[in-house]
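Lettered A, B, C and D in written order, each chain numbered from 1.
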Amino acid sequence: MSKLSLEDARSIVRAALDHAATIDAKPLTVAVLDDGGHLVMLERQDGASALRPEVAQAKAATAINLGKSSRAIAEDAAARPTFVSALSALAGGRVLPAAGGFAFRNTKGDVAGAIGITGDTSDRDEECAIAGAKAAGFSPDL
Amino acid sequence: MSKLSLEDARSIVRAALDHAATIDAKPLTVAVLDDGGHLVMLERQDGASALRPEVAQAKAATAINLGKSSRAIAEDAAARPTFVSALSALAGGRVLPAAGGFAFRNTKGDVAGAIGITGDTSDRDEECAIAGAKAAGFSPDL
Amino acid sequence: MSKLSLEDARSIVRAALDHAATIDAKPLTVAVLDDGGHLVMLERQDGASALRPEVAQAKAATAINLGKSSRAIAEDAAARPTFVSALSALAGGRVLPAAGGFAFRNTKGDVAGAIGITGDTSDRDEECAIAGAKAAGFSPDL
Amino acid sequence: MSKLSLEDARSIVRAALDHAATIDAKPLTVAVLDDGGHLVMLERQDGASALRPEVAQAKAATAINLGKSSRAIAEDAAARPTFVSALSALAGGRVLPAAGGFAFRNTKGDVAGAIGITGDTSDRDEECAIAGAKAAGFSPDL
């Protein structure tokens, strides 16, 4: 039994975009991955640019790839830029040092999947992602 | 204004999966791309394997890349296998010779986007994709 | 009907290179993409080096990929170098932080395509690209 | 001094597309490379699909990469399909076994560059490419 159903992913995406509407966010792209780093659901809002689906997935994949949120990797990148660039190259870009991507846990404490959002500032992207994960009953791993 | 809204994509995906339920299809993954070949929406049903999101996108991208459905490319591949393999290599895999991917047109006759479905037989994948596109008011380019 | 015809692209390239001649620019390469980021026309002047066609396309693709000019991405890169390097890795190089690439809009305000120029300084590359887009009736998205 | 000027490439492309009009060809994409396999000029006609620029370049690059026309490689592929597929993989797709790409020589007998055309049948693609090269004073290496 997978830890994340499509129905869960839909709840997360819906809640994240509902929150985005309340803060009048720019057009967002939301990706939800399973705990193996594979895409379960993605939505790109009207007006979001072409690479955004890859960026949203890369933010989420960062957390699965490295066991840290993409915000934490952004902090690492400030201290060790060449190391994080090498990780990005190694991962074909799927290590992205900018807030907005993190794993989330179910009520048993297991990592169930990861979410990544892009389109507004990194802080606002992350705010929407947190709202989405929490509304669906998951705990962000920030 | 883009030719395909997220709302359109949601209608297509919902109708495709509704049809899948009526024929008791295996777990499907549905990708909807815009007319430039960029992802707008993707859903992977519970139980679908890890590469399915890439496969669904590749089927849809085949139609944007080559101006023919992935069924038509499958027919080309039977006649000219090495040529189609070379196209796949050239496109980083985004030429996939199996039914289930095609572009669709709006009521003005313009290509609005493309859909790709994978998970069941290619014929049934395509059947669900046709149902999805038509229910949302688009004409499949088969 | 596509938003950018080959005839449009020819007008843009011709006007850009005419402007380049008036400022005695170094040998340039000019790429014009459609609004999906796919090449419509490219010309490389005599004496321009081997990678220039990729560079010109990458500058233009930056704008389609991220919804910002390559000049704006160069400014982002000064503040967040590792983040922009990661985007470049994610995009297979098609995020290039140097002025000279931008999307342009038609008279209805829609993005019709993007242009990228390389060969002289980034500022002069961009100057030629602006001249080309404007002469053909398009508004640069700087 | 390069063996192929941009002015030469323009003459080749213009003559190829003029010939295409006389035979009522489907929308074509024409790529002209220098003798190092690097793009000098490309035009994609209205209605040609997204991957066509890569296909046109790959046909031309085949001739520079292997010293044989893409028609000759198509014949090799019939006899040794796995070998040609491996070459395509090795070249990132830039070995394409379908007629329409060949090198051409100047009046001194040196290879000056290569042309690749895609969009109609391979035979008609090649016919247009031959017309283009000859009209500009070059001899096709078929």
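The rule is simple: contacts are C-beta pairs under 8 Å (C-beta built on N, C-alpha and C of every residue); 3 or more make two chains touch, one makes a residue touch a chain.
This one's a predicted model, so the numbers in the text were calculated from it and none came from an experiment.
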Practice problem: Work out the mean Cα position per chain and let me know which chain is farthest from chain D. | Solution: A
Practice problem: Could you report, rounded to a multiple of 5°, the rotation needed to superpose chain B's C-alpha atoms on chain C? | Solution: 180
Quiz prompt | chain B and chain C: spacing of chain centres that average the CA atoms, whole Å | solution = 31
Quiz item: Any idea how many Å lie between the Cα centroids of chain C and chain D?
Solution: 25
Practice problem: List the centre-to-centre spacing of chain A and chain D in whole Å, with centres computed as mean CA coordinates. | Solution: 43
Self-check item: Residues within chain D bordering two or more other chains
Solution: 50-51
Practice problem: Let me know each pair of chains that touch one another. | Solution: A-B, A-C, B-C, B-D, C-D
Quiz item: Which residues, counting only chain D, touch chain C once they are in their complex?
Solution: 2, 5-6, 9-10, 36, 38-47, 50-51, 53
Quiz prompt | Contact set on chain B toward chain C in their complex | solution = 1, 34-38, 64, 110
Quiz prompt | Residues of chain D touching chain B in the complex | solution = 48-51, 54-55, 58, 74, 77-78, 81, 84-85, 88-89, 91-98
Practice problem: Note which residues of chain C are touching chain A in the complex, please. | Solution: 36-37, 64-67, 80-83, 85-91, 95
